[in-house]
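Two complexes come next, and they have one chain in common, chain A, joined by chain B in the first and chain C in the second.
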Partner chain A sequence: MSTVEKTSQRPVSTYLHKRPTFRLVALLALPMTWLIGVYIISLLLLLVTAVWFIDPFTSKVIPGFTLDNFVSIFSVPAYLSTAIRTLAIALAVTVVCILFAIPLGIFMAKIARPWVRNLLAVAITLPLWAGYLVKLLAMRLTFTEQGLFNWLMEPFGITGPGFGIPVTVLTLAYLWFPYMALPVFTAIRQLPHNLFDASADLGAKGWPTVFRMVLPLITPAIIAGSVFTFSLSLGDYLAAKFVGGSTQMIGSIIASNINLNPPVAAAFSMVPIAFVVMYLVIARRTGSLERM
Partner chain B sequence: MLRFSRGSRWLLMAIVSVVLIFIYAPLLVLILNAFNERQISAWPIQEFSFKWWVVAYESEAIRAALLNSVIVAFGAMLIAMVLGSLVAFALSKYEFFGKGTVNLLVVLPIALPGVVTGVAFSNTYSNFLTPAGIQLGYFGMIVAHATFCIVMVFNNVFARLKRMNPSLQEASMDLGQGLWGTFRLVTFPQFRTAFAAGALLAFALSFDEVVVTIFTAPPGVDTLPLWILKEMARPNQASVVNVVATVVILLSLIPVYVSQRLSRTENEK
Partner chain C sequence: MRKSKLAFPALLAATALALSGCAASSGELTLTVPDVPMKTELGAFEGELNIVNWSGFVDPKWVDPFTAETGCVVNSRVAGTSDEMVTLMRTGEYDIVSASGDAALRLIVGGDVQPLNMELIPNFSDEIAEGMKGQIYDVVNGKPYGVPIGRGANLLQYNETVTGSAPESWDVVWESDSPYAGKITAYDAPIYIADAAVYLMYHKPELEIKNPYALDETQLAAAVDLLKQQNAIIGEYWSDPVAQITSFVGGNTVVGTSWEILKKFAAQDNLKTTLPIEGSTGWYDTWLVSSTTPNSNCAYAWIDYTSQASVNGAISMNFGMAPANIAFCATDAETQAHCDQFAAEDEAFWDQVWPWTTPIEECVDGRTEVKCTSFQDWTNAWVTVKG
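Up next is the complex of A and B:
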């Protein structure tokens, strides 16, 4: 009887306790209203704007239906080459990150003493939070004409590459390197010790073990990391603007058209989305996304 | 055991050194240039001075930008705290159709390139809301920031809730507490550090964000990153930017450090 009395004292709690579905709806109502009402609707409106056009005389956006904006991605040579260049830069950044992350991961996981390992883990994570723009500025100061790089290389008679595609790739790699280095390090660290023992017992030295055992086993981690380095580079345009000289990326076209010709900017926004989705589909096929 | 020859070890160590130099040398150049006496940053630095720190301290524009950054980050953090925790509760306790989709929705604003998110908001504000007579202005920037900050609170709270023992809550209810009493006395004390850690990360994320801000900031309003961006776009790099950038490094590391401490003390218990 006392239970009945207690429940009757808390009608709201009793009501909710009996109805888990209602509780779930109550929990999700506000966040879903926000995410769908604000964000998804905005994305859909962007897609809608992509089929509108602007009045050539007043430059006002006119609702209607045209696929010209999408066609222009392929038909305007400058647009198409920018899309391809951006894709190439994003892939190059990913390759640079992989090439440095693997030796670093092997050193950290297998050679370094524990305190060195911990120190390196902190040293690699820390810049992730130093601020995007700050790092961009730092790279600009380093590679500018009177910067550190040229000063260091002067005795060797080398002058730096100057602002252009190579420095853009380097800067983007600098920005996103932790996203590759950390999963690769974690994956190498989690490999069972007895695999290394087995490999050594079977006569394999350091490098053959790395190439024939470690690399195949950490491929999922590399792919997971590459999703970040690839998609973050793909959408970036400030690096190209500040250290790329005259380099243009997809983002540059979107940003420069958002006020002049919103429908073209909207259509172009679909390009990085398409690339990222394609990359994710390929990555998912390899089965490495489940471990993220 | 993974055995390398002496030469290979040296090679690996050399690569690690290159990586570390590559990561920290540019940041060091930046911080040292904040003390450069000259107006235009260059290396090597001829003369050191605190001149630009005084200039930065006295600048009205920088102070206004800092205030805007703090207001926006604080507003976005508050919204993200509420929405992120609600989603975390729903996803950690219930199995339902479309769970994966809800998870994707939370991650999407940060997974898509910033320029796409920024353009989507800007397009909605200027081509749909403004013609309909709705001017979001300053609040539009907070809305956009809150949207991509939700995931920070969500991740932290969700991870903690997953590890919590559900029988404690059941015991509390068996002992006669209602949902609110159970939440206040049993559930909240267990996840409040994760809640605070997530909130701090959300603040740091918003404070540092630049691309979405470019497209959603109302005319004439600068956040600190926007102010840096505008100064960077000038042909001659002024040393005062380095002062502000150094301050931003410090300001974004503090919330991250505190948030790490919060998560760690709880994990050690």
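Up next is the complex of A and C:
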């Protein structure tokens, strides 16, 4: 009796309840249209272009099938060394971010007073408000010969590294740090206080506590953060352009080929994708992804 | 390094055309280009004009009077690089482009732009600088495709506080024993290979480079070797003008490729430019009209309008280059100062400058027994230079 009344009151719910398939379709229609229609299709188009030819005379793309563009990644020494250099830079950026994020996270979550914690949280996220190019130019100005860094370090007789790979790593670490710091801070904050107490009771001092208790428990957060720092660094090329001196990254090769040789650019854009997939597979092997 | 090497074949072809009425019968430099018809008479304005241009070429100050006069509404799309210009023009959505020579010849041999009927452009007159007429990048087989806008040379800029005096040669940016190693900047684009070729023309005559844009495989390999040698002493490459300026002002760069306008923007007394003994390359910008444009009457009107002294001069001052129409120089003291700074009337200066020209498989120095390297080859080579 009462179900009949409810039926008449909620026709949409009733309709959906009776038709689970339609319910599923309605739920997934929008995200799937986006995922397949926009994201997957454009990736496929990219992959297809990578096996096409280029007319050397007019730089026009000709459909066809060749693996030469992929082969060139390995056969041209400059391409291979650029790919390896980019991988090394992305890994270095990730390591730097982790090294900064863990002590900061522990301090913020367990030691700092609430107002200091809030201040630091704002300080970490504040750079996200500024434009990407603004931050790049800020780093550029900081590390120029007559810039802030050299001015500050002059009394100690230290001069900056000049534009090159070290400053590129530092700049990328600066750009992507919030993506590592926030998940790590949140993860440490969720660790119960009594775990620290237990660790101390068992005689562990600072370092053993960090390495044997904190680190294993926050590994999923570090992996989550590193997916951002690693993949964003792989795709970046403006940092190399503005603070890298003569450093060339994968993105630089894509950018210089995008108008003149789109197939090579497309083939090269697969390299960061391959690196990220490899990274995720390794992360999965360690079991970290299941606990995320 | 005489400009006549470039202009001579083209002028000869033009003369042959005028005398015999038969295109490129002279046997001098003949390039294979698609046959695109030329406009024979002007018609009614279409009411619309879509322009691909460098930043500063299209400004309400001279667009508004043009639109008021012709009814052609101007839509401007600013491009950042020559490659972007070529890509945009090939979409067929634009009527006209302010291409530099390294884009112009590519568009001409690709059939993307049409030959121009100069009789319909009365402002293209004696007032146009001699050095901008009949150059190979926009006059092919005797047919003019472009109308000059302005030009600028790639000069050697140096920090006088550090160098003490003007370097006489480009060797300070090329040789491994340069006293400024690590503080050198170079232009970040494949066309920069031509600068290496210009240096080799002077110092390695045995390579027999006659034109820095006509390099066979051996000559390109020599240029690439020189660029790789330079890569070891480069502080940074620049393609963004702001980055170049901050690099010189901030002290990271002491010597390197620059434009007169960048020195002006840097506004530092100790930054100077010079044209070294080897000569240099330069960018010569011209208006080109799309071969598929539905707005050709507006396009011709725009080219004619912007070729008059006042408008052409305004564009050149806005961008910071030597105007094509040198009648502008005599307008007043300010314009004369502008022309003097950018060497607008100094043809002896421009004789030492090789205008950017797209390298194509047919050698633009007239050689027929070898195949030259194309811009595609240059692009591939450029990536390997930076390693």
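Keep this in mind: the second predicted complex is superposed on the first by the 244 of 292 C-alpha atoms of A that agree within 3 Å, B and C clash if a C-alpha of one lies under 4 Å from a C-alpha of the other, contacts with A are read in each partner's own complex, and residues count from 1 in each chain.
The rule is simple: contacts are C-beta pairs under 8 Å (C-beta built on N, C-alpha and C of every residue); 3 or more make two chains touch, one makes a residue touch a chain.
Every value quoted in this text rests on a predicted model; they were computed, and no experiment measured them.
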| item | value |
| --- | --- |
| Partner chain in contact with A:Ala78 - chain B first, chain C second, else both or neither | second |
| Which of chain B and chain C A:Ala138 touches, first, second, both or neither | first |
| Partner chain(s) touched by A:Gly245 [first = chain B, second = chain C, both, neither] | second |
| Touching partner for A:Gly162 - first (chain B), second (chain C), both, neither | second |
| Which of chain B and chain C A:Gly147 touches, first, second, both or neither | both |
| Contacts of A:Leu260 with chain B and chain C, given as first, second, both or neither | second |
| First, second, both or neither for A:Thr49, with chain B first and chain C second | first |
| Chain A residues touched - chain C or chain B, whichever exceeds | B |
| Chain B versus chain C as contact partner of A:Thr86, first or second or both or neither | neither |
| Overlapping contact positions on chain A, where the chain C interface meets the chain B interface | 137, 140-141, 144, 146-147, 242 |
| Chain C-facing residues of chain A, complex | 54, 56-60, 76-79, 81-82, 137, 140-141, 144-147, 162-163, 241-242, 244-246, 248, 252-253, 256-257, 259-261 |
| Contact set on chain A toward chain B in their complex | 6, 10, 12-13, 16-17, 20, 23-24, 27-28, 30-32, 34-36, 38-43, 45-46, 49, 61, 100, 103-104, 106-108, 110-111, 120, 123-124, 126-127, 129-142, 144, 146-148, 151, 174, 177, 196-197, 199-200, 205-207, 209-210, 231-232, 234-238, 242, 251, 254-255, 258, 262, 265-266, 269, 272-273, 276 |
| Chain A-facing residues of chain C, complex | 81, 83-84, 86-87, 90, 106, 109-110, 182, 188, 190, 231, 234-237, 239-240, 242-243, 246-247, 250-252, 360-361, 374-377, 379-380, 382-387 |
| In the complex, chain B residues that touch chain A | 1-5, 8-9, 11-13, 15-16, 18-20, 22-27, 29-30, 33, 41-44, 79, 82-84, 86-87, 89-90, 94, 96, 102, 105-106, 108-109, 111-117, 119-124, 126-128, 143, 146-147, 150, 173, 176, 178-180, 204, 208-211, 214-215, 225, 228-229, 232, 237, 241-242, 245, 248-249, 252-253, 256 |
